[in-house]
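Presented sequentially are two complexes of chain A, the first with chain B as partner and the second with chain C.
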Partner chain A sequence: MNKPRVSFFREYRTILIFFLVMLVLPFIIGLFEGSTPELVWNNQGTYSKFIQGLLIEIFILALFAMSYDLLFGITGLLSFGHAMFFASAAYATGMLLKFTSFPFWVVLVLIFVLSVAQALLFSLVLPRVKGITFALVTLGMASVFHIVVTSTDLSKYTGSDVGLQGYPVPAFFNASAEKLRFYLIALFILVVTYILYKSFVKSPTGRVCVAIRENEGRAMMLGFNTANFKILAMIISSFTAAVAGTLHALYQPAIIPSIADLGFTVTGLLIVLIGGVGTLSGAIIGAFVYKLLDFGLRRFIGEGASFFLGAVYVVFVLFIPYGIVGTWMVRRLGWNQACKQGWQRLLRVFKSPPKD
Partner chain B sequence: MKIFLRKNSALLITLLIILVFLIVSSRGMSTQDFYITVLRSLSAGSVVFLVAAGFSLIFGLLDVLNLAHGTLYMIGAYVGWTVFVRPDTFVDLLAPAFLLLSGLTLTGVLKRFTGKFTLSTTARRLISWGMIALGVALAALILSRYPIAMWDLENYTRGPVTFSFFADKEMRLPLEHLSFEKISPVLGILGLLLSSLIYASGIALLGRETRAVGKFNWRSIILFIVLLAAALLVIIFNTPLTEWLVKIDSTWLFLVAIIVAIAIGVGLGAGMETTLIRPLYNRPIYQLMLTLGLSAIGVEMVQAIWGRPGFIMPRPSIVKGSGEGCPATSLAGWLENKCATIQFFEGRIRVYDEIIIPVLGIIVLIAVWILLKRTRIGMIIRAGVQDRAMVEALGINVRRIFTLVFALGVGLATFGGILAAPSSGLNTGMGASLQTSALIALAIGGLTSYPGAALGSLLVGLVQQFIIKYGQIGIEIPFTDIIFKPSPPLVPASTVLLMVIVLLFLPGGIMGKKD
Partner chain C sequence: MMANEFLFETVNLSKHFGALAAVDDVNLQIRRNTLHAIIGPNGAGKTTLFNLLSGNLKPTSGKVFYNGNDITGQPIHRMIHIGIGRSFQITNVFPNLTVFENIRLASQAMEKGNFRFLTDASRLKKCEERAWAVAEKVGLKEKAFSPARMLPHGDQRKLELGMILAPDPSVLLLDEPTAGMAAEQVPELIKLIREVQADGNKTVVLVEHNMNVVMSISDTITVMNLGKKLAEGSPEQITSNKEVQTAYLGGLYEL
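After this line comes the complex of A and B, so read on.
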């Protein structure tokens, strides 16, 4: 395993550029509407705050989709119950803050324990069922959770259909008062998670996960206990989704039960498919595309928005066959060449003007 | 005998469990309640089966998890409702439908010409999809000016809800007879024909194989002319046809509705498979995204055309009577007086919901079973489910069988939709909830197994209906005085739990093959 050392900054160039751009974006938008960086820093400027809110939602979605990509795109486990990881963490945060007086770090530790427990619960069925059956079993488990959350018998704790409301949020994470701080926290968590995920995929453990996706029998034959690797991927993925869920609970004023149903898992799947399966960066790009499309269509078209959303999916599948990042990777060589040729042709025009 | 027992152990155990379940539950409730609940479970199971069977055939042969199946079921119900309640709309739509279809019969002929162009793949795809979009846009433009009698979503007194209310009371609201006003008939007909030719040539260009078809296909030309003639005939005899449809007994009209629903399903299925699903066979996961997108489009279109609020569908006249001699005491009495209900012990059962739906479900079960087991096509389908590459290697055109199976599966779903509509009503959420039930039934029975689909649907129906019944009367928990009443959310939860338990012990489902 003697590979050339690549410096950290060079390796994660793109995500660091993304980080810097996102860092200054609220201030730039503030400038456009006429509020100075200082005002933006003090949480003034309506439009900048609005964009921050939209971006926080995108970051949370991206975190969720990235955890789904680790499970589905990297390890090859198609789960239809992923929303449960997200929703249970959101509900746990809300309920612990509302009904107990634990300090916030205890809440975080409990959520970590909860996410690991859920991953182990899903892993219980792992050795028995594979492929689409695993998807259906996880769907079943998540549906039971959704039904528990929406059932009227527990409405005192979960708020059933209306959702969980009125839980106190710690002052440090108060999004309505300190939106920029929350924005920076979410951005930081997203970027750190991405870098950790990338290095996980490049580590020997991550390589085994990819091998499981490609051919589980062969990975087993090489002497790896594939079940352990799958459980590890499940735990990491579950924990990331739980972090996203906690952020969601802290950011939103209420937790509605729709984040626990199949639709939300499908949202994650769609984001991964839009971005490109197994690319991780596709999850971030997909989250941007998905949320902006969804938001824009609902804003400008209104009722018929899901018609166009559906049409966009169909067009996507037909014309961007492997998702944005996936298709870009496939076509990069050809495009690079075409770009280079075009550039040279352009240069030639400037260098030697045609003689009369 | 021993081998038989060992081979069918899972099935036998399941049947035993059903038997025990039935015996136990029969003690908790009165005999009459018990039989009615069993009949209701059969009815619910039949509808689930119609969707699940198509789903499992498609998944088994094509490996496509068609998540738009529930939406297609819903479209079947709404189309059937249109034929049944608004025959005038149906007749008005018939001629444009024929015209738009007529172009498609010519794709084989058009391929001879489009095959001559040599284009790069990207250009070919762009041009063909552009032509399809152009054709559809032109058709939409002409249809918006074409005289079609429609209900009015804005005006409640002429909305779908009011129409079905009055049709249920045997009083038809005055139907419309529109004439060509906004567009001249010649322009309308020629425009529709032109648009269908444009998208047909787009589809012809889309096909991967570019070689020209050797023999000039006269059959497709004849079909084209027949469709054109049919369209012209329908336009000329529009009014008499509508009046005839209004006049005939509603039982016959219901049969027409069923036939139209199945035809729409078959057409939609064939169209979906040939244009959208076919390019995706080598990237299975993107089929999920495509069918999800199609499902969203379908639901939104149903909402745009038929409106958001749900409505009822009137029952056909043969199960509607309530006058003298009703409720009937026997089946013969029902046929004589066309009663809505039959006397059964002290209670009554509804003929349509609890007798006709299960009977039709069982008839379809047997018919498809015969198709699969006794015909050549069925043999190819079964072989394809086992090993697709081998069937292809034997020189059988599997692609055509794919289209056929997809069309058959969707046709079954739309049939289920129109069959369920009179008993469960129509609303825009009916597809999604039934698709979940069908998926659970398939997971229980085995994803690619046809008898498994039937068994799973039966189990799902039984569990759902018994939990609903116990929600009304309560269960006495043994050795205690507590009476437990399952709340409505437990109905889906119970089927889901059943699925999880079955899958944990039999990962492939009851009848599925073992890994």
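After this line comes the complex of A and C, so read on.
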């Protein structure tokens, strides 16, 4: 009666196809603009490089959103402070590169430590507050961070409103000289993270995280010390967001404080909602939709695009609560049912558990 | 003295909700390897008493002893590991997970290896086998892969029972396991409970409204009313107890 075990390639077919397509895409785009694969390989080809840049941003966003989905979609924790995990890693990267002469691997180790420390900080309040209250507490903590990085007193270190600029990026990760390399690194990290996340969800630990999302009280009754599992999910998520933040700092010429505000957390949440809560692959698809819409509309409508985008997202979330991947997975239900059940599912996060 | 004869013992146990004493100074002893029923009208405090025994609620005063040890105030997640399993009057499962996964998680909790991130959960072979065995026992094997929320009510009650059987606890606190079940399904479930109790050397504490069932399967019956213990004894003693009859049985239930 057990489900047959499927091979690795079978199981991860879709993401592997995605990987291959993304691998050859820069070269195919190069062909369209008349650059040979060799030229693209040597970082020539204006249009191909432009697309690579756009995709790098999408990959980073996807990584950030996926880390959010692990908390929100898999473990059922609603955080409004997720941007802090990303932004603190970005700022730490920039500041350590600018003000210290640590080798890059030391920088990475420090960022890892920092990400774990933040996860533990958020976890401190976990046993005491749940649902929307937890979200507000995390928002409070992240707001403090945002205030610190924008404070003019510290502008010497953080650049305050203008952002942190002029930090030296290690040659290996220098995207302006070696864009294709950076593109491949970002792609590789995204695909590996996705596969690791997927196996996490199927692991004994991951199953407990899902159980916590479904009904934490019952998971506790079954004998799981749920606090430990939530802290673990928090650490994994925080670390992944930190990886995304580090990539962001290395890729962008400057680190601006808007990545630390609530808006950026909402971006992560929105991407997850568009792609499909709890699906993980939805984070990738959502990031594509979000970035391409954002980019396209800004190009054609200009700054007025924000309002229009907002409307699109509201309508999207209202009528497709399962998101793109989620709706595909429940396609047999029909739209009406999918809409109703999708909403029930989303709203569960806000409800306190039933008392017996 | 406590350790031998009684598996569970409460001492002056009380739980107040504001001014209401839902459980009021209850001294209850539950003999090892027996089936002990707790009956009483709605609002008598049976579920609250269960919540105190299972650690879901902290008592206002009094203590709970299990195997002679004071377990008052133990964290909920410890309970199953010391042998106390509990099922709920209102079905309390993981609605979007499959029947199998619900039961499998219940047995996974008893395993080492809950902190493994990258191996598939299905590699925990013992758990898988246990879950299949339990699914079969409660008659849900055919529905193993449907989501729990899609089950009809009677099957949800069976799942609730499956989730308490999977970890194989030594005491089962069953809060109205047949609540809302179709009448023809009740005997089957009761038979199962009796079987589990008898051939597993287990202690069962049961809240049940069906008097025929209670009278036929219980070793001991405790009658509760308004948070207090009204009477206690064998089914025969309870049936013939005048106080019980006037205060409770005669009014609400047909014997």
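The definition used in the following text is that the second predicted complex is superposed on the first by the 325 of 356 C-alpha atoms of A that agree within 3 Å, B and C clash if a C-alpha of one lies under 4 Å from a C-alpha of the other, contacts with A are read in each partner's own complex, and residues count from 1 in each chain.
We adopt the following convention: contacts are C-beta pairs under 8 Å (C-beta built on N, C-alpha and C of every residue); 3 or more make two chains touch, one makes a residue touch a chain.
Small disclaimer: the values here were computed from a predicted structure and weren't measured.
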Touching partner for A:V277 - first (chain B), second (chain C), both, neither: first
Which of chain B and chain C A:Y68 touches, first, second, both or neither: neither
Touching partner for A:Y183 - first (chain B), second (chain C), both, neither: neither
Touching partner for A:S306 - first (chain B), second (chain C), both, neither: first
A:K130 touches, of chain B and chain C: first, second, both or neither? first
Touching partner for A:K202 - first (chain B), second (chain C), both, neither: second
Which superposed partner A:R218 touches (first chain B, second chain C, both, neither): second
First, second, both or neither for A:S151, with chain B first and chain C second: first
Footprint overlap on chain A, where chain B in one structure and chain C in the other make contact: none
Complex contact set, residues of chain B against chain A: 65, 125, 129, 276, 279-280, 283, 285-286, 288-290, 292-297, 299-301, 304, 439-440, 443, 447, 487, 489-490, 492-493, 496-497, 499-500, 503-504, 507-509, 515
Touch list for chain A against partner chain B, complex: 78, 125, 128-130, 132-133, 136-137, 140-141, 143-144, 147, 150-153, 266, 269-270, 273, 277, 304, 306-307, 309-314, 316-319, 321-322
Footprint of chain A on chain C - complex, ascending: 47, 51, 54, 56, 75-81, 86, 88-90, 92-97, 101, 104-106, 108-111, 113-122, 124, 128, 132, 141, 144, 163, 167, 175
Residues of chain A that touch chain C when the two form their complex: 1-3, 5, 196, 199-200, 202-208, 210-211, 214-215, 217-226, 228, 232, 345, 354, 356
